[in-house]
Each structure stands twice: as structure tokens, then as C-alpha cells.
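A single structure is presented below for examination.
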Amino acid sequence: MTVETKKISFSTQGEVQIIDITDRVEKAVSESQTTSGIVTIFVPGATGAVTTIEYEPGLLKDFPKILERISPKNMGYEHELRWHDGNGHSHCRASLLGPSLTVPYTQKKLLLGTWQQIVFIELDVRPRNRNIILQIIGE
Amino acid sequence: MTVETKKISFSTQGEVQIIDITDRVEKAVSESQTTSGIVTIFVPGATGAVTTIEYEPGLLKDFPKILERISPKNMGYEHELRWHDGNGHSHCRASLLGPSLTVPYTQKKLLLGTWQQIVFIELDVRPRNRNIILQIIGE
Amino acid sequence: MTVETKKISFSTQGEVQIIDITDRVEKAVSESQTTSGIVTIFVPGATGAVTTIEYEPGLLKDFPKILERISPKNMGYEHELRWHDGNGHSHCRASLLGPSLTVPYTQKKLLLGTWQQIVFIELDVRPRNRNIILQIIGE
């Protein structure tokens, strides 16, 4: 059993951008010293999230609409009083979706469904440089 | 420390069916070679989710109502344009709830609360055969 | 690789109290026998949740408002028929947010963002004594 820490880095365009990171997670796992275990994909930040989705153009429009239903951009947020950067909704959405996803793998392959991709969701209002942590634990 | 991969298989009846899988996860953990660690319960698919709930008849009606509030079935989804299978809301709900849950165990027992069960939630509109992954890491 | 099980205990004041547990998780990790790995923070109960948030006074008001949008306190819940304790919404919110969070660490430090704290969210309507499990797996 070993622990390996890897990082995925990329730039985003602001809200709501859904970025498919499946290939990069798959590559990190396949290059690890282990063949089976779990990879924890973690967002070190309070305005991004990670989940899975069928990555196709329709859902890339639908899911942001659902986020707008849940936590509307222009609802008026107290968070605004601290930073004045108009991203109270970004924070609320991120806390709801969560910063962490754990995916199992065997034979160096992620055990995902055929139509299931791992995505980072940029919820912040402005472009950001993001570093996502991959913590791989396996044997 | 070892990794063990197990699978739970069952058929579902379509949305929104909430299935208590606690006993099967508990059994898998108790039969493993390890006594303490974590089990990651993972749904390989984009229209199902896993979480915990107090498994009693009232909440089995309440929670689907909340999902309908968040992501209504008949809102009109762009996803429809690709597949025409009427399950855009299923995808959005699944991405929100998430496909992965990690539960600790010691002395071969899951560390759940008394009124807390592990559930798979079928969000797809039609009956499905489901295979849920249990990745057990412990010593 | 080892597994260590630790516990955080505290009293809460009822809904919706958001409690910063970052320092206590950090301390548990720093005192463990390991230097890198993952810590699974788990709520053994069906009316509490764990996530991350920027812990500042504005968001501590905003996030409960979002929870009220999603699962209103006075919507009328079937759960009420069983227990008559007025916490149907607490259960629905907890199932949505989830009881489990996995955070990576290296060099005995959690890999959190600068403005990101780990929080327990008390969703139950009354004060509770809470025991949160920390399952630390690392080397």
C-alpha cells in the first residue's frame, strides 16, 4: 500500500464551466505504482466542486440551470458585505456540491460507468487558475 | 493494509426508488480480511446516487419531493435533445447528490448512527440493473 | 500504511449551526503516526452533515437561507407522522449534503485552500451532542 499525491492544473473561464478531467485522473492512476485502490479528487478552494456527469452539451446547459434554481446569482448574499466580489452564490453552490470525490480503480482503470465522466465545476464568477489534488491510495 | 473490491447487484423499479443497502455493505465489510478501514460505495453510472438517510416510510416520500423541488421532472431539459429518454432531471439530481460515499469501520462494523442507513437512490425513469462497487481499504 | 480512528465531540445549539472543525481535524492528522494520506470525516447520524465553506459571518447566514429554499422547514413532511419532532427538513437536508467528506494531507498538513474550512452542519432542530469520526489512512 502506498500514498501518491498528484496535481492537475488548468485555467477556467468563470461560472458555470464544467470541465471533464476524467482522462487526466485516469492517466494519473495508470501511471501510479499501484494497480488497485481509490483516488480522492479534492478541490482546495471554496468556489469549485467535483462530481460526475454524462458529459454532453445538453447537460452542460441543464446543470447550471439547476444550480441557478437552488442558489440564484442575484438573490442578495451577506457574503457580499465582506468581499464585494459578487460570488456569494458560488460559495453556496460549492458547499452544496462538495469539494471531494472518491473513485475506486482496479487493474489501473477507474471503475466509472460508460456514460459517466469526472468533472470539475468552476462556480466562481471570474476566470481562475485551478490546482486539483489527486490522492491515490492503493497497492 | 489491503484493497478488496466487491460488488452489490440488484434490480430497481425506476424513479425515485430508495434502496437500503446497509446490510449488504456491512456483510461485505465483515467478510473482508480486514478489521478496520474505510469502504467507498461507488455508483458506476450517471443516473443513480448514494447517501445515508433514516430509512422509514415518511422520508421515502419526503426526499423524492425535495428532489422534485430542486430539479423538476417536467422543466424541459436540453439533455432530451440527445437521447429522447426523458431523464434530464435524473442526471441533474445524480450529479448533485454524487456517486460516491465513504464510510469508516472498526472491529468489522460500520460506524453508522443508530437511525442511519446507507441507500442507493435510483433516479433514472425506468427499471435498471445496478452494480454498485464496494472498495474496501483497511488492515 | 496504518488506519487510525479518532473522534471529535462537541455540543450544538440546533439548526442551522455551522461549526468550524478544521483545527481539530488538523490536530488529529498532525498527531497521527503518518505523514501523508486521507482523512474521512464522518457524521454517524441522519440530521447532520459535513462539507467545506469559507467560514465568515456572511456565508453563515447565506448558506442556511439556501437550505431553506431547497427544503423548507414548514413544507409538511411525512416523516412527522413517525416521530412528531418537527425535523423532516433536517433529514432531507442531511441526505442531500451527505455525511462524509474525504480530505487529503501531506507532511501532516491538510491540503485545504486558504479560505476553505471544514465544517460540521447541525441540521437538527434541537441541541445535540455530536461525535464525529475521523478515519485516518496513511503512511
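In this document, chain identifiers A, B and C correspond to the written order of the chains, with residue numbering beginning at 1 in each.
Basically, a residue touches a chain if its C-beta (ideal position, glycine included) is under 8 Å from a C-beta of that chain, and two chains touch if they have at least 3 such contacts.
Just so you know, these numbers come straight off a predicted model, no measurement behind them.
K.L.:
Quote the value, from 0 to 180 degrees and to the nearest 5, of the angle by which the CA atoms of chain A must be rotated to coincide with those of chain C.
P.N.:
Superposing chain A on chain C takes a rotation of 120 degrees, nearest 5.
K.L.:
Between copies chain A and chain B, are the contact residues mostly the same numbers or mostly different, with half as the line?
P.N.:
different
K.L.:
With chain centres taken as the means of their Cα atoms, state the distance from chain A to chain B in Å.
P.N.:
Centres of chain A and chain B (C-alpha means) sit 19 Å apart.
K.L.:
Counting only residues that touch at least 2 other chains, which ones in chain A make the list?
P.N.:
1, 70, 96, 98, 102, 137
K.L.:
Taking the complex as given, what residues does chain B use to touch chain C?
P.N.:
It comes out as residues 1, 36-38, 51-54, 56-59, 61-63, 65-66, 69-70, 96-98, 101-104, 106, 111-113, 115-116, 137-139.
K.L.:
Chain B touches which residues of chain C in the complex?
P.N.:
Counting only chain C, the residues touching chain B are 1-3, 5, 40, 42-46, 70-71, 75, 77-82, 88, 91-92, 94-96, 98-100, 102, 133, 135, 137.
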